[in-house]
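Just so it is clear, A, B, C, D and E label the chains in written order, and each chain counts residues from 1 on its own.
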Amino acid sequence: MTTVPLCVNFECDFVLQLVPVESDFTMDQVAEAAAHHSLNRRVKPQPGRTLRVRLQDGESPFDRESTVEQAGFQVMETIEVYYE
Amino acid sequence: MAFAKVCSLDDLWEGEMELYDVNGHEVLIIHGDGGYVRAVQGICPHQEIPLVEGTLQGKTLTCRAHLWQFDVEAGEGINPTGCKLAIYPAEVRDDNIFVDVEGIEPFYTSA
Amino acid sequence: MALLNRSDWYDIARDTNWTPKYVTEEELFPKEMSDCFDVPREKWETYDEPYKTSYREYVKVQREKDAGAYSVKAALGRMKFLDSADPGWKSILKLHYGGIALQEYAAGMAEATMARFGRAPGMRNMATFGLLDETRHGQIQLYFPHEYVSKDRQFDWAHKAMHSNDWAAIATRHAFADIMSGRDATSVALMLTFAFETAFTNMQFLGLAADAAEVGDVTFSNLISSIQTDEARHAQIGTPALKILIENGHKEGAQKLVDIAFWRNWRLFSVVTGPSMDYYTPLAKREKSFKEFMIEWIVGQFERNILDIGLDVPWYWDTFLEDLNTTHHGMHLGVWYWRPTVWWDPAAGASPDERDWLEEKYPGWNDTYGKCWDVIIDNIKNGREDLTLPETLPIVCNMNHLPIVGVPGKKWDVRDHYLDYKGRRYHFGSKVDRWVFEQDPDRYAGHQGLIDRFLAGKIQPANLEGALKYMGLQPEDCGKDAHDYAWVWNYNKPDKVAV
Amino acid sequence: MSETAQKLKPLKTWSHLSKNRRRPSEYEIVSVGLHFSTNDPDCAWEQDAGTFMNQWYRKYREGSPVNHKDWDAFRDPDELVYRTYNIIQDGQENYVDGLIKEFDDLEHDQGLQTEWVDALSKLYTPSRYILHGLQMASVYLCKMAPASTITNCATFQAADSLRWLSHMAYRTKQLSLVWPNYGFVDNEKHIWENAPHWQGFRELLEKSLIAYDWCETFVAINLVLKPAFDEACLRQLGHAARRFDDSFLGFLTDAQAVDSQRSRRWTSSLVQFLQQNEANQDVLDGWVEKWVPLGDQAIDMFCAALPDSPSAADDAKRDCWSFRAGLGLSA
Amino acid sequence: MTTNIKDIHKHNRVGPIFRGGELATAAIDALEEDNPDKEFTIEDRAAYIRVETDHECIIRRKTMEEILGRPFEMQELEVILGSFSGQIEAEQEYVRFYFDTKI
């Protein structure tokens, strides 16, 4: 298991942030790690909706259960985290 | 007995002077250019003006109010002459300034 | 015989090129230090500086300028103004002095590049005055804030900032290395004197002076507008250089350097001057909005000048005009949120009245930036200051070294304009920053931004605390909300009254 | 209360000056530690370490054979700051204005002997190239010096050179109006590039300008070229001028000497400062030995052309020698 | 803002931007005297005064002397000349602001 720093673009936030995740994190865990630095800080949560992860400009999100390793994220990969 | 620690050389840099209360005496501590340390009465003998508001050039202290000047080495008035500043024994030990105020009273003129 | 006029002897004082015999021309004027375009020497000899002065006139006029600036300072007893100044205004002073004093001094070294390696004697003479000017600007902008250090430790950063690894210092150093310190004499003439000093310095030194006058900071207003009179003169080093380059078939190359410099300056000013004018200056004292000042000085004045000299407007001009509505709001939000990482106390500038003003000047502000501020305001009201403080670092652009920002809220458009180059991924805040990189990758590629250094393990411990230490910030230095959140309590006033 | 104990004391001055425990002067407040490009020896400017400019600084500043543990400890003995420089030089310019006016009223140029007018056209007015070269070399030193307190001295020295270049241009024009057939204004470049008496100075100047190591520039310019120029082209020329009743030139060179004296004061201070590190002595001596022969040759060639001045070369060389010897340098 | 931002630079306004004070007042008077066929707009923002006219204007040293009633060297204007629109030609007897091109 290694730490993978990511460049996170959280929906409706104004800035890209550095978010380190572990290689065995699922996408839900990635979204949670990202949310920690944006939700309730500068972005209002939307209860009942699910956060998804995709590559910047990616057409579709990764499976919620797939891991960072499976998704093949490079160090400082730019991902978008958004409400489905 | 009576040397009391007043401040450190960190508090009072070369080129500075500051007014301190030392056991009830108002004392002007001078840390002059070149590193000498003197302690003189804090109030001008002329009128009730704190000398800390004056200016120091070399060893000449000038009161801001009426520009009376004193030699802080000897405590003698330079202009006008005939007046005096009380001098308190002062010494530096381990980067701290100590002053002895015992038995010394400031001078005042009635001018 | 009557005494001579300046014009009688002026040309003799710039007839000083000769052909070297004991060394080669290339040794004396290496291309990389003198002129990246390699325009022949005889072409440079047509150089004619339009704003002339002589040594005799210079020392007399500059003595008078200094007498004015120093006497105003003495007469007004600055300490008293500072005691009563709005905290937001104090932050402008801290930001200004820290960001500018030592860079002005460094600009003197770039003037020295022109004074030594410039190919035209007239350029060398004018740049010698420019070197003196920048010595003035460095020194006077240290002398004025020095008396504040005993009152407020953040003023120490007037001297300290450029020596530190604070992100704002890295960003400033990188931008100025690109337009002056790291360039040859000809490029300095274009990038520093033309693209910077006939454009952006007007914003900070005259635009902001207007705000200063409104605020009542007469000393500062007088100081910076006095500085700009020097800039107005030595900024004219660039114009004749541009004309020579265009005449000799180098319009495209010259245009590119101007475009690079303009963009780099624009991004830097979006974080320095933008927040100062639109957020830190007390609302009642704002002469104009940042955008309005930009329109006056840059769009109305500088853009017209570019065309008059024979260049085109930069290729990204439409992007830039759009940016006027957005970038500095994001920069401000970033600086405020990461306030412990700066040496001044950012004023939020987001009280209800201020938001009305922002909405009026920048329609749509409430639906975008306002959305982020809404969450911040709720957190403060609910006693959750912790949520208004950062726990990670923002990604900074590998060109401008400022946070990569975009529009939040309903018009969310944030994105990373990255580029993979020689096996490394570079992140950029805009396509223009990426374009700048692509023009000359080896000038930038080996440089590490703050995030690169963090990931390389140069910042220890590897957390925000370690980052603050790396940036040289002691707890007393770290920025706080300038008004201690008093602006938040202007929200929901009726409730408070009811209680 | 550990929290209170950790709290930093209020500052009295910039934190970098606080360690001195001495109230700083205006000079120190605005002059010390202004270069941030010296902080990272591998990368002067915030860009790729391999850029041409970064390599240049690495080679010619950080790579200089002279070293000092604290370059920022250097102080200008005159403690000049920008503000005071202008005040002083405005006063000096008033004085020169007065000289110009006074001698103009006396129709001084009209009364010059033709032999001396010829000498002026060959020995005096062509030196604008050296004055400008000194200006260029001084700004280079300013750009490359490892401490802002050294840079500032070089800045004012460069400005002084421009000052004298301006006076020279003025005098050149004046002389051309009174003596139109002596080549004033138009012929100086030809003389500078061809007349044998200038070739020594020209060689010294051109080579100094490419002595790109910051400290070698300093040695070549401040310890060799400037003293040689001052002694030969000002003092000895001034002596000759007085022998030909050209007291104006003598007064002008005396006024210029005021600037030169200031230059020598900081030059001396910088040499002494460098000598605080014993290893620098050999480096300085090596450079002095390299450059002095060029300086002496320049003096010899120039003074040979001075009319009625048989001892000029020896006097000038002796004065340069004693300036350097007084600083403990090997020539 | 009624004008389209993309058209804002399409003008021919030139002129000095002065710091305020007595000298600036004199210089504005001189501008009006030295350019009798021109109309000037003056925008006073306390810290600076923007003076503009169409395409070209000049300030002469002699005119400044007449207005001030004292000897005046053109270089003294530098003390108040914070900026300017257009190009500049600063000579001993006059300062001129102009555009090469017309839009």
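The rule we apply is simple: contacts are C-beta pairs under 8 Å (C-beta built on N, C-alpha and C of every residue); 3 or more make two chains touch, one makes a residue touch a chain.
Since the model is a prediction, treat every value here as computed from it, not as a measurement.
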Pieces of the assembly without subunit D, by contact: A, C, E | B
Set of chains adjacent to subunit B and to subunit E: none
Contact-graph separation of subunit B and subunit D, given in steps at minimum: 1
Chain located farthest away, centre of subunit B as origin (C-alpha): A
Chain nearest the overall Cα centroid: C
Higher-contact pair (C-beta pairs counted), A-C versus C-D: C-D
For subunit D paired with subunit E, centre-to-centre distance based on mean C-alpha positions, whole Å: 39
For subunit A paired with subunit B, centre-to-centre distance based on mean C-alpha positions, whole Å: 68
Centre-of-Cα separation between subunit E and subunit C, whole angstrom: 26
CA centroid of subunit A to CA centroid of subunit D, Å: 63
Sites on subunit C at which at least two other chains make contact: 60
Junction residues of subunit D, two or more chains touched: 12
Multi-partner residues of subunit A (at least 2 other chains): none
Interchain contacts, given as pairs of chains that touch: A-C, B-D, C-D, C-E
Touch list for subunit E against partner subunit C, complex: 1, 5-6, 8-11, 17, 19, 45-48, 50, 73, 75-76, 78-92, 99-101, 103
Subunit D - residues contacting subunit B, complex: 9, 12, 20-23
Sites on subunit D touched by subunit C in the complex: 7-8, 10-16, 26, 29-31, 33-37, 39, 44-54, 56, 81-83, 85-87, 89-90, 93, 97, 100-101, 104, 107, 109, 128-129, 132, 135-137, 139-140, 142-143, 148, 151-152, 155, 158-159, 162-163, 165-166, 168-170, 172-174, 177-178, 185, 189, 192-193, 202-203, 206-207, 209-210
In the complex with subunit E, residue positions of subunit C that touch it: 5-7, 50-53, 57, 60-61, 64-65, 68, 202, 205-206, 209-210, 212-214, 221-222, 225-226, 228-229, 232-233, 236, 239, 287, 295-297, 299-301, 303-305, 307-309, 313, 318, 321, 324
Residue ranges of subunit B touching subunit D (in the complex, touch as defined): 9-10, 13-16
